[in-house]
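Please read through the structure below; I'll follow up with questions.
Per-chain numbering from 1; labels A, B, C and D assigned in written order.
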Amino acid sequence: MLRVGLFGFGRIGRVHAANVVAHRQATLASVYETDPAGRDRAVDLYGVRACESVDELLGDDSIDAVIIASPTPTHVELLTASVRAGKATLCEKPIDLDISKVDACRAAIAEYEVPVMIGFHRRFDPSLAAIDRAVRAGEIGDVECLRITARDPAPAPVEYIAVSGGQVRDMTIHDFDLVRWLVDSEPSELIAMGANLFEQGYAELGDTDTVHLLIRTEAGAIATIENSRRGTYGYDQRLEIFGSEGALLMDNQYEVSLERHGAAGTKRRGTVLPGFIERYSDAYVQEIDHFVTSIVDGRTPKVSFEDGRKALLMADAALESMERNAIVAVPG
Amino acid sequence: MLRVGLFGFGRIGRVHAANVVAHRQATLASVYETDPAGRDRAVDLYGVRACESVDELLGDDSIDAVIIASPTPTHVELLTASVRAGKATLCEKPIDLDISKVDACRAAIAEYEVPVMIGFHRRFDPSLAAIDRAVRAGEIGDVECLRITARDPAPAPVEYIAVSGGQVRDMTIHDFDLVRWLVDSEPSELIAMGANLFEQGYAELGDTDTVHLLIRTEAGAIATIENSRRGTYGYDQRLEIFGSEGALLMDNQYEVSLERHGAAGTKRRGTVLPGFIERYSDAYVQEIDHFVTSIVDGRTPKVSFEDGRKALLMADAALESMERNAIVAVPG
Amino acid sequence: MLRVGLFGFGRIGRVHAANVVAHRQATLASVYETDPAGRDRAVDLYGVRACESVDELLGDDSIDAVIIASPTPTHVELLTASVRAGKATLCEKPIDLDISKVDACRAAIAEYEVPVMIGFHRRFDPSLAAIDRAVRAGEIGDVECLRITARDPAPAPVEYIAVSGGQVRDMTIHDFDLVRWLVDSEPSELIAMGANLFEQGYAELGDTDTVHLLIRTEAGAIATIENSRRGTYGYDQRLEIFGSEGALLMDNQYEVSLERHGAAGTKRRGTVLPGFIERYSDAYVQEIDHFVTSIVDGRTPKVSFEDGRKALLMADAALESMERNAIVAVPG
Amino acid sequence: MLRVGLFGFGRIGRVHAANVVAHRQATLASVYETDPAGRDRAVDLYGVRACESVDELLGDDSIDAVIIASPTPTHVELLTASVRAGKATLCEKPIDLDISKVDACRAAIAEYEVPVMIGFHRRFDPSLAAIDRAVRAGEIGDVECLRITARDPAPAPVEYIAVSGGQVRDMTIHDFDLVRWLVDSEPSELIAMGANLFEQGYAELGDTDTVHLLIRTEAGAIATIENSRRGTYGYDQRLEIFGSEGALLMDNQYEVSLERHGAAGTKRRGTVLPGFIERYSDAYVQEIDHFVTSIVDGRTPKVSFEDGRKALLMADAALESMERNAIVAVPG
C-alpha cells in the first residue's frame, strides 16, 4: 500500500482524499491543513494523522507520496520541499502564476529523480482519454484542427478572480494543456481575443470574462478555444478534433438520460452536468489511480512538470496577445 | 412518359398528383373527382383533363396507369374496373374493410396480368427502406424481435372513426404490413389489448383509441405494436428491430435540427414532425417513383394485392382477439 | 452511525458493502459469508467482524440493521430471523421463488413492527426517480401507457438459469415492480408471449430466453414489457411512459460522450453501458442511502415486503399465461 | 402570377428553376443560357422561352423579375442591366470578387427603386431561420458569442479554385453574412488564420484549404468561424449562438433517422447530408418563396445589395489579415 500525505483539505483536497481512500493500493496517512475545521474533518472522516507542520508531514519516512492541493501561492515551496524529501509528488495546477518562480522551481528540482506529476485532471477523463487513444491509433489520420469549448457554469466571485491569475492562467490553462496533448505538437503562435461581456467587476481587475483563441502548432494544425466564465445552462465542456480521415466530437454530459415530450416540444430534462466536480468525477478517480499505480509500478507519470510550465507559457503569450492586439509567438 | 389517370383529388390524391407531375417519366393526364371544387383545382393547377365518369377515364387508351385515391368504399370497384381496362394500378390502402369483398375482387382480377400495387407508403420511407436493406444484407443476423410505435398526433373526429373500419383496420394495418415486410415471415398468432383511454366517443362506436399487440411469426420472431390515436407531442413513428447480431432503431424526425439551452434545461425546439404528410413526404415521392419506374421498366411493383389482403386478415384477427380476449391464430 | 450487518459477500453483497462504508451515517460492522475466501476479503478490505453463524450476527445487540445479499433460497429464513431479532432489514429480491413460502414468511413477520425493505434498486436510479417525480407532479397528466425494454448484455450460463426461477421470476420481476410503481395502479390481467430464440439449453430447462408481455392495470393503463436474455450491444435498459399530456423517455446510457465520424458514417463510440453494475451504480448508492436514512430518521422505507410479493404474483401469472397461451387475471 | 426570367441554367440555376415552377405565385417564363445543351434541357423540361440574348430576355415586358444564376464574372453587368430594365432581381452571391466593381455597380443602380436581393440562401434555412426568430424574440438575451463550423464535403478541383476568388470570398462569405445577420451588429475587427493542410495545389494558387477566424463586432460580441474545404464525413454545417440567458445550437442533419447497434458499438447510419443541394434544399425553396412573395406583395426582400457588399468587405479584410498576419479593422 502506497502511503500518501495530503497538503490542503479544501474542495479539491477532499476529492483527492476520498479517491486515495477508495484506492486498493493506497492509504491516506496524513494531512496538513491550516484551517482547524478542515483538519478536524479529515481526522474525523478518515482517521488520518493531522500534521502540525509541513516538516512533520515530509519528515515522516513512512510517507511515500504527497499530493499538493493547497492554495496556488504555496505550490512552488511545497513542491520543492516534497521533491527534496524524496516524495513522489502530485501537484495541483497551476505550478505558479509567475513563470520566473516556475523556472526557479524547475532549476531547484532538476537534479532529483523523484516522480512529479501536475494535476491536469482532464487528461484522465474517460471521454477525452478515448479521444487520445483513437488519435494515437490513427483513426482520424493526421490531426488538422482542434476545437475546445469551455464555459464555467457561473461567474466566480470577484474576490476569487483577484487572486486567480486571470482567465487565461486560471481557466484556459486546462485547454492549453489539451491542445499540446491531443494535437501532439508544440504551439508556434497564437492570438487571443478577450472581452468583458457580462462581468464589469472583472474588467476593473484587468481581467476578461470571455476569451477566444486561435493557436497554430509547429505541425501546422490550428486549434480554436472558446472560454467563458458563464454557461447559462451548466458546465459546457465540449471538444472536437478533426483529422485527414475523420473526426471525434465530445458532447456535454447530462444528469439523467431522459427526454421529456409535451405539447410545448421535446425537452431533455435538467441541464448539462452543473460543474467540474460532477463532470470530472471519473477523471479525478483515474488521475489518482494513474498517480498511485505509476509510483507503485515504477513508471513515470503522464503529466510532467514541463507540461505544467508549457501551459503557463501559453497563458502568458495569450495575455501578451490581448495587450498588444496582435498575433504572438509562443516561446519554446 | 407514362400517362397517369387519378381517381380522387382529396388530401392523399393531391400528394400523389404533385409527385406524378414532378416525376421525369410520368405525366398526370386526367383526374376523376366527384367534388366540383376539387376537380376545378386539379384543372387549374395542372391543366389535366377532368373526366366526367369512371368510364371516360378508363376508356382513354392513352392512359397507361391509374392511381386510386378515392374513398375506401370505391376501391374494389375501381380496382376491378382498372385492371379489366388493362391499366397498371396503384390503389390506396385498405383494399376494402370487408375481407369477403377483398376476396371477391381477388377472384375477379385473378386472370389479368396487369401490375397492381397497394399503397403502403411506409415501405418507401428512406429510413425504413434502409432498415430493410440492412436486414436483407444480414447486418443484424436473424430477426428476433420487432417493435413498432405509432401514435397519431391527435384523435380523428368521431365522424371519421365511424367510417374508418376501426383502429386496427385503419391505423394498425400499416404496422401489420411492416411486420410482414421486415420480419419476412408470416404471422401465426396474435393478441390485441385494446382500450378507450381518452376518446369515449370511439367506445360508443365500438372502436378503441389505444391498442397494443403481440404477434408471433412462423419463424418464431415476436413483434410488438403500440398504437394510439393521440401523440400529445407530434406524430410518433418509431421502429426497432433486433437480431442475433445487432439492432436497428428508427427515431422520430424533427422539424429543425436545433437544441435550445437555457436556465430551465436543454430543450430541443419544436415537436417531432406533426403528421404523416410531413413525416412521409419522401416516402410518397419514392412510392410514386417505384410505381412509375416499375411499369416503365416492366418490373412487378413491390407491394402486391396479396400484401394488402394479408394485412386485412391480421386486422380481422386482432378484432377477434379483442372480442374474445384471447390469443388468436392468423389465417394463412 | 447506523451499525449494519451483512449476509452474503458475493457480487451484490460487495456492492452494498462499499456503499455502506462510504455512507456518512452508516458503518459496516459485521459480515456473515459461508465462503472463507469471501469472508477473508471482507475482513481485509473493511476490518469488519466476520461472524461464524447467523445467530452470532443477529445476536449482536450493537447491530441496528441487516442487509440480506445471500442466495435466494436463504432469504425467507434470514428475513424472518432478522425481523424477529428486531433488526431493520433490507432483503435482496426475490423474497423467494415460491409464493407459498413468501406467504408463510409474510404471516411469520406480520406482528413485528420492524422496517423491511426489498431490494428493487431501479426505483433509486436517478433517471427513473426523475420520471417518478415528474409523473407524481402531473407533468404528463394521467398515465396511459408504459413501455419497458430490458435486455441482458449476454445470456447467463445454463447452470445459473437452472436455479434462477425462470426468466419472469428472475429478470422480469424488476419490470413488474416498475409497472406497479410508475403506473401506480395494480395489474388486473396480463398476457406473456415467451420464446426460445437463441438458447436451446434454456428450453430444456423449461425456461425462455425472450418474453414479451402486455399488462392491463385496474386504472386502465396498458404496459408493454420486452425482455431478452441477450442484448448484442450492451445492457439495454429503456423505459417510456405516456400520459394524457406528454411523455417521458429514458434512453440507454453510454460509456463515453463521444461521436466518431469517418468516411463510413457516424459512429458513437463503444456500446451502451455493459451491465447492471455499471448502469445502476448510482441506484445502488441511492438505495443504501434510502435504507440508512429511513432507519435513522424513523421513516418507513419505500419498497415494502408487499411490493416484493406482488411482483412475484405477477411473475407467477406470467408463467401461467405462457403455459395456457391465454390472458390471465393477476391475483390481488 | 409573377413571370420570371432566369440567367444561367447550371447547377444552381436548375435548383431555382424547379422552385419557381413549383411556386403557386410564379411562372418560369424564359431562360438565357449560353450552353446549348443546358438551354435545350430547360426548354424540354419546362417549355420556357429560350432567349438568344440578354437583351431579348430583359426587353420582354411580360417579365416581372429575373434571377441571375450565371457565372460570377457576369453578375455585375447582368444585375445592372436588369435593374435598369426595371426587373426585380435576385442575384446569386457573390456580387463580384472585386469590391471596386461592386462599388461601381452600387453607384450605377443607386437611383433605381427596383427590388434587389442577393442569394444568401442560408438565411432561409428552417433551422437558421428558427434561430433568428428565437434571437429576435429575446430567448437567449443579449448575443455574446457566435460560432460557425462549415466544412465542404470534399475539396473542389483546382480549376474551380483558380476562378473562385479564394476560400474567404467563395466559401466564408456565407458565414460572414450569417455573422452580420444573427449578431445584428457590424464587425469592427477580425483575424484570419489560414493554412494549407491537405491541398498543396491550392497553395500554388495562393489560396488556403482551411481558415479559422475571430471577429469582434461593434456591440462587443465575438464570432468564431471554422472553414475547411474538406469534411471527411459529409457537409459539416453547424452553428452555435450564446447569449446572456441561453444558447441555441444547430446540429448537422442526417440522411436517415436510424441508429445501428452491433457488437462493435452504436453506429448512426450514413453520414451527414452529403452536400449543399441536400442540406439546403428547403432553404432554396424558401428563398424563392421570399423573393416571389416580396415582389408580389410589394415588400422589400430581406437580403440587400448592401448585405452582399458588406460580406465581400469582410472577405477582403480576412485576406489582408492573412497577408499581414495581424488583426485588421473591417471598413464600415
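In this text, a residue touches a chain if its C-beta (ideal position, glycine included) is under 8 Å from a C-beta of that chain, and two chains touch if they have at least 3 such contacts.
These numbers come from a predicted model, not from an experiment.
For the interfaces A-D and A-B, the C-beta contact count is higher for A-D. Of all chains, the one whose mean C-alpha position sits at the greatest distance from that of chain B is A. We define each chain's centre as the mean of its Cα atoms; on that basis chain A and chain B are separated by 57 Å. Averaged C-alpha coordinates give centres for chain A and chain D that are 42 Å from one another. Each of the following residues of chain A touches two or more other chains: 140, 232-233, 245-247, 259, 261-263, 269-270.
If you check the complex, the residues on chain A that touch chain C are 22, 126-127, 130-131, 134, 139-140, 245-253, 255-263, 269-270.
Against chain C, in their complex, chain B makes its touches with residues 140, 142, 144-145, 147, 149, 151, 191, 193, 195, 197-198, 210, 212-214, 216, 220-222, 224, 226, 228, 232-233, 242-247, 325-327. The part of chain B that touches chain A in the complex is made up of residues 232-234, 254, 259, 261-263, 265-272.
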